[in-house]
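Next come two complexes built around chain A: one with chain B, the other with chain C.
On to the complex of A and B.
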């Protein structure tokens, strides 16, 4: 059974309140850091832990912290990225909704490490009720003396606020988030300069995901080495996985990194297997932006090794036969799920959410959506698959921020692994019209209709 | 009706102004503009859930910024409404996991029941159905947002009940 670092207290009655959270040992990391550690020592512990950014990129957190510009003399800021909007991902809301003080404790300890005296939690506009939970928790923490001037008599001051967004996925990109926090459209900035040098109001800023910051109290209370002892290789610690789709037990799970994908999907402790007796068809393991894996590559890598829930194992084989751990947004599809329909759905999402700043993304995402829509609706043309391949290749790597890549990868992977399903849609439009969109006849049953000469 | 022809009464009450000032205090004195997004949410909630040009101009005046700085934000983010909308806006998540769990059928069901298409308010202005992108409830699909709150694991029966509760005024839209 996996250990619980983030969710160990989640079922304690009243844990959302300061009183119970404190009684359960909450805010101990703030006490320890402010009374017994220098900021640099906190940074070193986080470096030792090997904690990687849990928002999707997986960049080492301690290293990111060490980049912050301390020489300029400008105010520094910590900004928590709570703009969770990636299809398949709903883990951060779980933490914030049920144990908000864990995030606030992490924000105080991390802000101390960075020398930040003014920090923000930027939460997506749609999580309005969680915004209010956080505002209330911040007020409780302030009343108890964990925020404000001279915290615990240490001479350290911190103000923490929560900022609400306006409904834009792109604001999950760290520089777009900063623009939004400045009261502007969420247009990503060109990097460099990186936020660690010129971030919020041109001040040195670190942007970290909710789950990343929530892991800091445990690391400080125990040790970086203890945290590094969990997991495998460079995938250290635990990870929240939000599981959805055609599985029995949908929800948020905390796993030790290194668990096998087979066990995660099939054991009763986690997903409990498929929702019905239908076979597994595909898996998106890290939110909609990561490549989809076909059934034969889900439990085993191309090299025949067990596929593990780690950054490295899920990416094994590159994009040809691997995917990414990303944000841990696990979407499981059974054999009735229509891959073309699903790929169109993702493309519509990225088209809608593109900020429009870069031409390849602005135009390309809409173009892919249109082509996929006509294939899905029985008006596909023979050249459409090649066209889609060409469009996605022209978007990838040609935009300011990774949203372009995020739009291109699902299309590329769907064509790479499910080309015959696209061909079937184009060749037999009469069979796909008037059916129940997402849930279709199992493709395996009709696959024999496709021959190599078809398209 | 064209947006420019619809009048909206502007009513910045003392309570609302106090809340706006509190939000402004969250940022350094020379960074008032940073309060724009949260201020727009508060002002919209207090004005029948939409923001006319005149109201946007008022926000610009309060925050001491140019009106264009407000317009460009209002038009960029999906949660700010530039026209009057149905009082009870059923915002169905139409992304992957919700679709796998039948949200498209539920949207059709709701539209048929209310006698409207997606994006059209009912004649009495009480309801509107909208499709939105991922709301972060994939494990609790299918779902929709109603005011500040999520309605998850939706079924036709739950939608029937929600419509009835809205008509009876039993639904809270904003937690104030």
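On to the complex of A and C.
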């Protein structure tokens, strides 16, 4: 049984309200931080914890906090990135919807550590009902004296606002988020300068994911060392995983980092095994932007070791045999899934969501989508596989922000691991006309056709 | 600070970008730039044409930068070593960007009014391919009227956003910007409003392609048929220093003066640009010199050219070897007749 840090109180009736949350020990970290700790001590605890950003990149949170420019004398800001838009990822909404005060508490403690007096939660527009829940929670916290002037008589002031985005995936990128928060078009900024030096309103700013901020109260209450004791190596603490796809129990799970992928998929405590007990075909372990893993690389790494739910094990030395933990959007496919259609679907998303600011992303994502659409709809040409490979290679690493990489990686991995499926689509266009072509006859059963033709 | 670009070392002031340093060196090391415009703040970083390979970060941190960097927004560090044209990675990236820019840009140089002054034309001349791999339908936009002075041809736009910066930084009451996202992004006005501002004409000058052109000049002439002269007039709105483009004694077009990087020296007002087309309005200073090797400079080179040697005997009189092999006079029938008449009757006398 994995321990619960974030979801510990999730099943307590009425935990969404301030009274119940407080009764269950809520806001203790704010009391402890403001009364007994200096801001630098809070930062040190977070550094000791080894907490890494839970938005996808996995950058050490304490180190990010320590980069904030304190010498400039300008106001500082903490911005919570609640623009959860990665397909397959739905963990933050779970936290915000069912235990909103945990995020508010984390925001206050973290803002205190950073010396921020004006903080924001930037939430995606589609989460309108959660926006209302957060607004209500902030009002409750303010009424109880946890926000505003001179909190707990410590002399520390904090105002917290929730801002709704217009529903653009790119606004989850920290600099685009800041632009959007400033009321501009959500285009990523060129870095450097980094937000820690010049962020919101040109002031030093830290942008953290919801899950990252929600972990801070536990770290302050218990100690960074305790948090670092959970997990394996540099992957410390617990992680929320939003599991979906062809598994028995879809949902949001909190796991200790270091759990094996096999146990996560097959244990009754988590995914409960494959739906209708069909064979496992592929896995996207960290949201749609990360490379897909084929069946033989899901439970074991290329070196033959057990694949673990950690940043390092899932990366496995590179994308040839690994992927990324990313945002924890765990999507499982059984043998009926069509990788080509799935890749086209992801590609369509990134084409739609590209901000259009830089050339490779603006033009390349659209091109990839069009080629994938043709292949999926029986109009592929033999040279299209090489063309796709070439396009993704020209996008990757050449764009302003990581959206270009996010669009390129799934295509690259799909071709790397499932090239024969692309070939099948191109050679047998009449067989894939049915939209659910692999449902009745999974690819494994028709794979021999390609080999026959080759011979 | 010392910076080395493609083996050329140069000393620059702190805050200089790699592109600026390369421009100080000049010549082939200068990366192409479609979105960066030194006279406008906040431009650069978008088109990705100017990517360079930083093989040594600085003296303090000599590690190479893992990704290619946009030279127009990357500051120089002391001891930095940069590979621009010398790097294969850079060449590949620039080829890629050129290919991406051309997938939706119509190749209509023969009818485009920008031909000869188009930065994309120059870029594709150096980095383009003969064959296009994009076989899908090109993205197109509905024509839109944005006023009586400027023609917007959105199908040719590469979304460099220089014109948006002009609108932001030079004009009052900005009415245009970028709409939509991704490859649907388009430059447009709010609800098709007209662009009517005294400095709006500068959008035409900063546009690197034929998306924004001068309605008072369109299709009157090709630029290489015009003779450009530096000219000036007293103007209460701008510097009044311009280039006038003449055909005979007629001023067909007025633009701001541009440097070798196709960037204006100073922005000019719409009165000078659109309304003053009489020679009497201007004091002509002399012919305008261009240094950049583009179509506009055909037959206008000022540099010394090598003498062209034509091997008359071999190349012209004898013809190609391959042709000679195919034709054998000995095998031709001397008495061949056409319509009953001998073919060689005249020769036979």
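Following the convention adopted for this analysis, the second predicted complex is superposed on the first by the 445 of 455 C-alpha atoms of A that agree within 3 Å, B and C clash if a C-alpha of one lies under 4 Å from a C-alpha of the other, contacts with A are read in each partner's own complex, and residues count from 1 in each chain.
Here, a contact is a pair of C-beta atoms (placed from the backbone, for glycine too) under 8 Å apart; a residue touches a chain by one contact, two chains touch by 3 or more.
Since the model is a prediction, treat every value here as computed from it, not as a measurement.
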Examine A:253 and indicate which partner it touches, taking first as chain B and second as chain C; both and neither are also allowed. neither
Which partner, chain B or chain C, touches the larger number of chain A residues? B
Using the superposition on chain A described above, determine whether A:88 touches chain B (first), chain C (second), both, or neither. first
Can A:345 be said to touch chain B (first), chain C (second), both, or neither? first
Report for A:168: first if it touches chain B alone, second if chain C alone, otherwise both or neither. both
Touching partner for A:329 - first (chain B), second (chain C), both, neither: first
Touch test for A:190: chain B only (first), chain C only (second), both, or neither? second
First (chain B), second (chain C), both or neither touched by A:18: neither
Go through chain A and flag every residue that touches chain B in one model and chain C in the other. 168, 185, 352-353, 355
Taking the touch rule as given, give the residues of chain A at its contact with chain C in the complex, in rising order. 168, 170, 185, 190, 351-367, 370-371, 374, 387, 390, 394, 397-400
Contacting residues of chain A [partner chain B, same complex]: 84-90, 93, 118, 124-129, 132, 161, 163-169, 180-186, 201, 242-246, 250-252, 284, 288, 329, 331, 333, 337, 341-342, 345-346, 348-349, 352-353, 355, 436-439
Listed in rising order, chain C residues that touch chain A in their complex are 44-49, 51, 67-68, 70, 73, 92-93, 96-97, 99-101, 103-104, 133-134, 136, 139, 158-159, 161, 177-178, 180-185
Would you mind writing out the residues of chain B in touch with chain A in their complex? 26, 28, 31, 33-38, 40-41, 63, 65, 69, 72-73, 76-80, 94-97, 99-100, 102, 104-105, 132-141, 145, 148-150, 174-175
